[in-house]
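Before anything else, here's the structure in question.
Lettered A, B, C, D and E in written order, each chain numbered from 1.
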Amino acid sequence: MRLSRAFNRSLWVFHFNSGSCNGCDIEIVAAITPRYDPERFGVRLVGSPKHADVLLVTGPVTHDMRDRLRRVYDQMAEPKLVMCIGTCGQSGGVFYDSYNLDGPVGDVIPVDIYVPGCAPRPEAIIDGVVKAIAKLERLEGEQG
Amino acid sequence: MSNGTKKGYSVPIGPIHPALKEPILFTFTMNGEKVEEVDFAPGKAHRGIEWMGMRRNPVQIVHLTDRICGICGVSHTLAFSRAVEQVAEIEVPERGHYVRTIIAEYERIQSHLLWAGVAAHELGFDTLFFLAWRVREESMDVIELLTGNRVNYGIIQVGGVRRDITEDQFPRIEASLRYYEDLLGKMLELFLHDTTITMRCRNTGLMNRREALELCTVGPTARASGLNLDVRQDSPYAAYGDLDVRAVMPEQYLGEAYGDVYDRIVVRLLEVKQSVEIIRQCLDMMPPGPVQFETKIPKLLATCKKAVGEAVGRVEAPRGEALHYVRMDGHENPQTWKVKASTYSNQMSWLKMLRGEQLADVPIIVASIDPCMSCTDRVTVVRDGHSDVMTKEGLHRLSVEKTRRLMQ
Amino acid sequence: MIVPSLLLQHAPALLLAVPMLGAFATPLLGRLGSGIRNAWAVLAMLCTLLIAVVLATEVLATGTIVYAFGAAAPHLSVPLDSGGIPIRIIFTVDAMSAFMALFASIVGFAVLLYSLKSQSRNSGQDGYYALLLLLTVGILGMVCTGDLFNFFVFLEINSLAGAALVAYRVDKGVAVEAGLKYAVLSTLGGLLVLFAIALLYGQYDALNIAMIASRMQFTLLDKVALVMLVVALAMKAGAVPMHFWTPDAYSMAPSAVTAFLVVASQASLYGIFRVVFSLYGLALDCLTVGWVLIILGVLSMFVGVTMAIPQKDVKRLMAYHAVSQTGYMLLGVGVGVAVLGNQDLLTAYGRIAMEGGIFHIINHAMYKGLLFLTAGAIFYRTGTRNLNKLGGLGHSMKWTMVFFMIGALAIAGIPPFNGFASKLMIYESVFLFNPLLSIIAMVVSILTLASFVKVFHSIFMGPKLPEYADVREVPAPMLIGMGILALFVILFGIFPQQVVDLLITPAAAALIDQGGYIASILGGA
Amino acid sequence: MSFLPSIPEILKQVLKKPATNAFPAKYLPPSITGFLTRVGEGKASIHPPIATPPAFRGQIIYDRDTCIGCKICTKVCPAHAIEFIPETKRIRIYVTQCISCSQCNDACPVNALHMSDVFLTANEDRYAESLIVE
Amino acid sequence: MTTMFGIDMLAVVGGIVAITVFGIVAGLVFLGIDRKVTAHMQARIGPPIRQPFRDFLKLLCKDSSVPENAIPWIFNGAPLLALASSIVILLYLPIGSFLPVFGSYGDLILVMYLLTIPALAMVGGGFASGSPYATVGSQREMVTMISYEFPLAIAIIAIAWRLSVAGIADPFSIGTIAANPVWGVAGPLGIIGFLILLVVLTWVTPAELSRVPCDTPEAETELAGGLLVEYSGRNLALFSLASGVKTVAMASLAVALFLPWNVSSFVALSPVVAYGADFAFYLVKLFAVIFFSVSIIRVGMARFRITHVVSVYWGYLAGLGLIGLLFIVLDTALGAGVIA
């Protein structure tokens, strides 16, 4: 990854539901609403993975969604970042024993930041973004 | 209009698409911008919840039902609990019923506001989206106060609820009710008197009463098409029997029902008002006493283990009737568990509503039944060699009965 | 200038003689082999072009050239031995004629180059080249002659050669039918023209345009003749409501021919202008005739473009656009006619409107020719003109696509291509006559754009289709043919002022100046 | 603008205070790392998140000493988040698996389990030590 | 007609560079202001005003991928063309009291057609990306273009007509229009007419710029970003610049047509101060135009369906424009004493 300061000042996120319960998804949407407003940090929800810098994945990755998750990930232009929102994407959570899961997310694509919680509060997601930026800064430091 | 695309091309939408917050794959056959034919393939979010449930005990399952869907999880949990309670002959304490009702109505408020925001977003009206979600936070705060979490409340347990609503929480609840009462007039004006919204929603995604009936639609989708049905009114559960609940119909606001997207907005916004009134009634009428039939979890499990039989729990979720069928056979875990969620009942109406519409209207029409695939992606499960023939018959019987009642 | 004076002196005659000779010799040379024949045809066309250039330079430098065939002193219009009446076949090449001749031969040359390859797979090429050259003769004759009967003769040559070329792919039934249609209509038009000429001859006992003009009484019969001439020529020019033959003819003919047929049609347009300005001139009720032309123009513009949009056949679509574009010329010139009597208005905007209209003629010939050639290139490689079947060619036919884009943007009047330059002149002048006219013209432009964007998308965009997997770019001669036209499209777009000053203003002035025209023949009226 | 009722509304809104809670800072500081250092030094402060209610269910906490190893919590946990360690007769809770349902809290006979109000637990490592409660 | 000859080439080059820089900076700043204002209207804090610059830099450091079905040279060329043509438009427009770089040769109709080029570039780019969403987006962009062109044509012709009837030479030159504010030329009826045209132009602006309610080509919810769906990295950055520059151009056009006054013509100022004051005033005017015709409209209403775009622009707005034109014609007739 070619990291630079310019990159983490403006993270555009694309939201991918890999078969979640909606809980995390609505909290992601809630997180972009006026009360939390991450646009303050240049974070914006975009409609095309090609435009995105960050992939927000929710859900435990059902069998059907596995390939699509891969494909969406591949479509994103480098450099890129993956955040896994919610417990079930991290470990399967409450769906741990389902027969139809190919997850968790970390097994399908590389994940940079995990935000546990079922569902995490919007501010936990913002906290995740901030930690992601901190990680970028660290990586950038290591790179430069 | 000029259009360079060949006649009859098809546009796939989904399973990952900004208009669909959840995975589902639509295939549209288009003629220019017009939808000629629609097909959709749900099942992308299938997680095998019923299958998992049959490997868990009811106390665990309520947390699974919460996560059938994070938006109307309470409805599922309630329906499931009701089914188990019937099988196990558990009597929920009065106060428990009232707490359940209050939570269920708060869920309706947040869900309808959420929907209103999503609908505005689909219409490209982000300001109203932001507004709806901003005011939704008020109910989220109260829910968090009452249950300890913003989504997946985890408050309902078989036999009652896990937390009481205490007197010191009443002022906060009261404040939120007043907040919504003050706000609602403005919301109605902003949503329903806006020319651009009217242009986009009037006569869009039409479904008349007959079609709504034939397609077995439920909830606001059905009510917007003029079907007077609401589980809370038709077969009351929880505390609804004590309360005055009438199905909200679009003609109450406008004098007539078209059965279009606009009417679906009307119904949902008016239901927010209705929910506020219901909560207020509950607060006034709340009897004292315990809220849980048995607080000792091992004892509760033991009661469930003794139960044999089958039952159906029906609940009016924000999107319409959610139905859980449970069959217990003397084990801790249910022998059969079937979920029929509201979106499952409503989704066939898409085919009718979308045909002949503009591509631009697809998102709002799809959104107009307030779909969420999480609860809908299902399979029929056959367990222990028993087929679920009974289930199907049971379901069919129920639906036929319901149809008859409605036809009268 | 180092051009031998003999050539200079006889340029008008040579302008016709060269292609005529070319035409007749082509079949003979064809026996010697196709290479020789092709070279011969190219040579003939090239010479024609050179002569046209020479002629145009001369006319622009010295003014109207008059050439009487067979006379001892060809430049003397009224030979000494005639008793004051021009009797011979007389060519009157004023700036307008020179301008028409010039660009007709440019397009002709490009088309011929293009044909070398595009026709190479067809049979009967001897006839093809002969007819092409003959058509050139017809066109050049029409624009150069100063004599009504001659005009009719060349019109007929034009029609017959055109009809034959439309029907050229005899193996295709439809083509024959289209050719027949073209022939019948042309004959009808020819008859009307002939009849009108007879009426005029009967009254004025003369065939020379200048002669008649100088005697014009504007009687009822004259009016009848006028109507017949305008109707017949408007039909040949493909103006609404007499445009119905264009789609058939244009789409059936081989593309190269179509490109040239556009020029042929414009020769008829020239005919209208000549009749209106030089034959009748100020005798007319200018406002009425002007409005007639304007209405014809607006109708053509609108009907053409609206008919074009739903077409599925590329060439039919382009044909309708040709109708639409003809409307701009009629509009521009019509406004000029409408204010012909009023010197103030004429200077205020009439002249510019006319110049715009005339400029549009040449521009249209360039870009529409180019578009038809690209359509031909596409057909050459894919064998279809059906938009629904085409697609994804942008991956393989890059140059054709570029040429198509240039043509499309030009026809839509997008700067910096030539269509914009002439349209701009029209917009910015006719609005003073009536603001709505400009608005309509602009709207039609944008509709044209939409239509071509759609076509562009259908043909070139999208994924590569399996059936066209091995489609390649067309051969070089075809590309060169298109390239020549594209170059003009761009040059005229970037340096419109120079073109206008050099060619258009004199042409418009020549048209307006009826007195000068008459004088050039009859010598100081 | 009665046909566009939102317009007067938004014009009024421009003058009002935004509803945004500026957690953790109003805008992105030039460098997060720098910001955190300065917060550590007390030179800057993090704008607090919206307060959690008293009974908020955040990350689980475990009172190892009170626990009697009865395993009831493992039985009720819907997410399979609790592992019983036979050697020590104590439990281990994987926060990354826990759905914060607090069902185990209800079930524990000796109240050895509680939900804290910690919820800002994002981590780069899904097996991070901070995400295992013993 | 435009000629570039006879102007000091050095000045032109310098002017081009200056305008390019100005266009890009102003474009991004106004984009930032627009986002900030929008956020406040929606009760949010919103991004810092320099956020568009950050977005731009971010995009520059990202990969630009070319999809498989794309035609690469068009796909990559389109953003460049869009940006370049947007800048060219600015060269024809007066910036404050600085004359346009191409002198007084700026021609209204030329500008109007130049305005279509960035849009065409986007259409081309969308088509060339070979994705169905982008294709539908491109078609919509085209339809939008047809739609707003009609009312725009009416407004432009009406203004020029009124000026030329008032005996002003060269009515299509933007210099002329700026020097003779329409409000001073017309009588009371004419002023009503121009006010109507101003309204029309206010509504044409969001369509030109593909903003709500006319952002159908990019409709995020239906088309996932529409014709830009396949773009990323540098190409997307160029498109965003182009859109910023085009916003400035469109607003400058509106300023030149309807609000051409300068401070220096009212107050006597030393030349340098005058240029500065006029420039500042010009920026204020730009802000006003953008605020009313972009920010408020885009925040205050829902997206049109593409059929609505056509019906609203060809029906209501064109009708309105014609009424405005009628007023202006009547005004002229009254002034000339034809009717009175």
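Brief remarks on what is shown
Rule of thumb we're sticking to: a residue touches a chain if its C-beta (ideal position, glycine included) is under 8 Å from a C-beta of that chain, and two chains touch if they have at least 3 such contacts.
The structure displayed is predicted, hence computed values, not measured ones.
Set against the Cα centre of subunit A, the chain with the most distant centre is C. If each chain is reduced to the average of its C-alpha atoms, the one that sits nearest the average of all protein C-alpha atoms is E. Looking at which of B-D and A-B shares more C-beta pairs in contact, the answer is the pair A-B. Rounded to whole angstrom units, the spacing between the C-alpha centres of subunit A and subunit C is 64. If you average the Cα atoms of subunit A and of subunit B, the two centres end up 27 Å apart. We define each chain's centre as the mean of its Cα atoms; on that basis subunit B and subunit E are separated by 46 Å. Residue positions of subunit D touching 2 or more other chains, listed in rising order: 4, 6, 10, 18-20, 22, 26-27, 50, 78-79, 99-101. With touch defined as above, residues shared between interfaces to two or more other chains in subunit A number as follows: 9, 34-35, 37, 40-42, 47, 88, 93-94, 97, 118, 121. Along subunit B, residues 2-5, 18, 63-64, 67, 125, 127-128, 130, 134, 149, 152, 194-196 each make contact with two or more other chains.
Touching subunit D in their complex are the following residues of subunit B: 56-57, 59-64, 66-67, 125, 127-128, 134, 141, 144-145, 147-149, 152, 154, 162-163, 186, 189-190, 193-196, 295, 297-298.
Those residues of subunit B that touch subunit A in the shared complex are 15-16, 18, 21-23, 43-49, 51-52, 55, 63-64, 67-71, 73, 114, 117-118, 129-130, 133-134, 136-137, 140, 149-152, 372, 374. Those residues of subunit D that touch subunit B in the complex are listed here as 2-6, 9-10, 19, 50, 52-53, 55-57, 72, 75-79, 99-103, 106-107, 115.
Per the touch definition, subunit C reaches subunit E in the complex via residues 394-395, 398, 409, 413-415, 420-421, 424, 427-428, 431-432, 435, 438-439, 442-443, 446-447, 449-450, 453-454, 456-457, 460-464, 496-497, 500. Taken in their complex, subunit A has these residues touching subunit D: 9, 34-37, 40-42, 84, 87-88, 90-94, 96-97, 104, 106, 111-118, 120-121, 123-124, 126-128, 130-135, 137-138.
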